[in-house]
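Two complexes are shown next, each including chain A; its partner changes from chain B in the first to chain C in the second.
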Partner chain A sequence: MSGIQESIVIRTVVRIMVPFIQIFALYVIMHGASGPGGGFQGGVIFGAGIILYAMIYGHKEGKQRMSDKLNRILSSSGVAIFAVTGISCLVFGGMFLQYGVVPLLPDNPAVVSRLLIDVVEIGIGITVLAVMISLFFDVSPPETDEEELPASEEAGQ
Partner chain B sequence: MTGFDLITDHLPVLTVVIPLMAGFLTPIVGWIDRKLCWYWVMLTMFAVLLMTSSNLYTVITSGTIHYHLGGWTPPIGIEYVIDLLNGFVCLIIAFIGLMVGIYSIESIKKELPNKIIPFYSIFLLLITGLMGMTITGDIFNFYVFLEISSLTAYALIAMGDRGDGVVASFNYLIMGTVAASFILLGIGYLYAVTGSLNIADMQGLLPSIYDNKVVLAALAFFMVGFSIKVGLFPLHAWLPDAYTHAPSAASALIAGLMTKVGAYAMIRFMFSVFTPEFVIDMTRMAEILTWAAALAIVVGSVLAIAQSDIKRMLAYSSISQIGYILLGVGLANVIGMQGGLLHILNHSLMKCALFLVAGAIFYRTGIRNLHQFQGLGKKMPVTTTVFLIAALSMIGVPGTVGFTSKWYLALGSINAGQWIFVIVILVSSLLNIVYFWRVFDNIWFGHPHEVEHIKRDEAPLSMLIPMVLLAVLCIFFGLFAYYPLHYVLEPLSNALLGIGVLP
Partner chain C sequence: MIWILDITLLLFLVVCAIAAISIKDLLSAVIILSAYSLIMAIVWVEMQSVDVGFTEAAVGAGITTVLFIATLARTEGRSED
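Here is the complex of A and B:
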């Protein structure tokens, strides 16, 4: 465990920060249809929140919050949400991703279109966050000796 | 309205969306049962093959298909266009993908036992990228799919030989990124001067500003970028390592498809984004391309002779074969163009078969050095026969596909008054004989004292079926080259060169 990870200030700040980072990420995702932002950016921010947590609290803690299995399911299901939304437009006789044709609110296709863009953005966000996190866990070196290494150093002394 | 009618209108987009979705669902399928992955990939590839066949049939019978994503009409929205050129290339992608998919079950189980799920996931994403590059009618969308296909190819190559695979993949990544940057710059320049990203729209807008330096720079960037992507001779350095060190199934897929789709993209940009007059007469880019291609044909063959690793030899041979395709394109007459386009099909069939054979030999014996192939003719008779057929086709023996395309290329060169290219084709065929003969010699005429106590130990059936099918097609299209030429390539070449209009 490195010095940064032990610092009580950093641990506390991170614990307070992470929920806000994630709420901001959700805001960016939901705001994607009508302003700057969107699924990709929001997903990156959400993933960054969890990566920050895992960096400070260690891989083990991080993996407890975001297990490999959950990660795999999220990364697949996000794209599935996107594709299912697109294909549902085909089912109702429109073109791929022509949201307006889905008869959720028959009088107001523009609103349906906006809602479904949000659904697509959420799908993209889920995949991006899962892939971000799995990239982080794959690239960072394994921390299996997190507890054992200091103990062996002490034994050496 | 039946269920099928509902789908038929949307086949262009489904050919891209279905492998994309299936690729991302593969981890879930593999999580249920790892063995299901292969069946899942087979199902997807078979569906894609049916859809691409149907697309090509529709194009041949009733003309170009236009599909507007999200109902937005071009030039604002993204448009998917299928004409004879990309309908034909898509069918090749789907077919080779299916063949390699069938083959991969045993070879991946042996070479990458822990990476079955990621392999198949990336496999389907690579098909998505190639399919999207081919089918799209929007050049920025093209760039996005180019990146998808490149990134997945890097990942597939990195899964190969321990250490070497990663280095090869990294080299390819650097070169591929440079190429993609060139292409993106070109797209940016064209967007800056025309304000459009739609290929058809752009072709209408560009002729009035052909004297603009920005357009010339864009053309130069595209040509350099795609030359790296297809591995044209002086820019080929990434290719041999990448093909050699990738897993067997990935080598066959990448060798069979990646460079061919790059060649497709080059043709598309030369003749559909720009116009034939600009490329042939105003900038003489086509002529430059023929000389580069002629150089690639000779140098690729010469370098192939120097190799002892069979996969590396085939990789160098690919460099020379890409030269044939681009030579035909650069000749810019109808016969030469037909030869070049036919060679896209032919080279996919032959090179995929040869890489599959190399993989099957490696699967059974663990040997890749062709000097240790003695007695393989007795040990693996079917596999080596497939090798014989594909290699003869590569040399250009009459009755195989290689002959037809070389014949057309030679006729095209004569029509263009460039006799030197006829000599280049002839010399390269002789060089092909030299490097393939070394393999034949070892396989069938190896030292008899080693051959006697060799038991027959053929590759598994799932490997034999795709190899034999490809070899049969090599002969079929050699004898009946009329079908692709008459229905697809002749009208297509006329249309590309601006002589006729696409149906």
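Here is the complex of A and C:
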């Protein structure tokens, strides 16, 4: 494991690739209503980007970006976004998640519906990404302190 | 529908499934399961179900493999039976 983590090629490639993975995840989330994709898939891809970072740069670096507290806040706030959107439809007299009744734009309920579908997808995505990352942090083995560099690798080069 | 492609993919699928449950080394089994998921994703897309294929590729071949390997790192990695 430490041999992989020391490799400069892998570290550089991961550092360059993670922003693109995250942009792609946002694209998947936002196009969930009109094409393939959606909140779940986008959240999984976003989480996979951060898991990749945490795998290569180590748990400590990963937890600096995505601490347990932040994970907890995100995983519950995504559910809250979903619930608030659904219940606000109830408040305005419709069914649960019947977006058209929310009077954001009273003359154009179709636009409101499309907007609120995106809000719900974002909520799902936030929850899924936080749960995936916390699953990885819980399941993967705790790191040993890497004070000894493998000497054979140095000699091999 | 290209039926030769379908038959080939399903054949690979069966071979991967049998190999994944019969192999003793658990790391190899996880990697074969990941290959199974990837082929399954291609089969879903071939059956015009892009959304399910997307999920299969992201969850089955991506996250599940990572979680399995992370779990294997805590065990001895060989099956007894």
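Please note the rule applied: the second predicted complex is superposed on the first by the 143 of 157 C-alpha atoms of A that agree within 3 Å, B and C clash if a C-alpha of one lies under 4 Å from a C-alpha of the other, contacts with A are read in each partner's own complex, and residues count from 1 in each chain.
Rule of thumb we're sticking to: contacts are C-beta pairs under 8 Å (C-beta built on N, C-alpha and C of every residue); 3 or more make two chains touch, one makes a residue touch a chain.
The model shown is predicted, which means the values in this text are computed figures rather than measured ones.
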Which superposed partner A:98 touches (first chain B, second chain C, both, neither): first
If touched residues of chain A are counted for chain B and for chain C, the larger one: B
Which superposed partner A:90 touches (first chain B, second chain C, both, neither): first
First, second, both or neither for A:13, with chain B first and chain C second: neither
Contacts of A:139 with chain B and chain C, given as first, second, both or neither: second
Chain B versus chain C as contact partner of A:111, first or second or both or neither: neither
Touched partner set for A:70, first chain B, second chain C, both or neither: neither
First, second, both or neither for A:51, with chain B first and chain C second: second
Touched partner set for A:37, first chain B, second chain C, both or neither: second
Chain A partner contacts - residues on chain B that touch it in the complex: 6-7, 10, 13, 17, 20-21, 24-28, 31, 67-71
Touching residues on chain A, where the partner in the complex is chain C: 1, 28, 36-38, 40-41, 44-45, 47-48, 51, 55, 132, 135-136, 139-141
Of all residues in chain C, those that touch chain A in their complex: 50-51, 54-55, 58-59, 62-63, 66-67, 70-71, 73-74
Contact footprint of chain B on chain A as seen in their complex: 69, 72-73, 75-80, 83, 86-87, 90-91, 93-101, 127
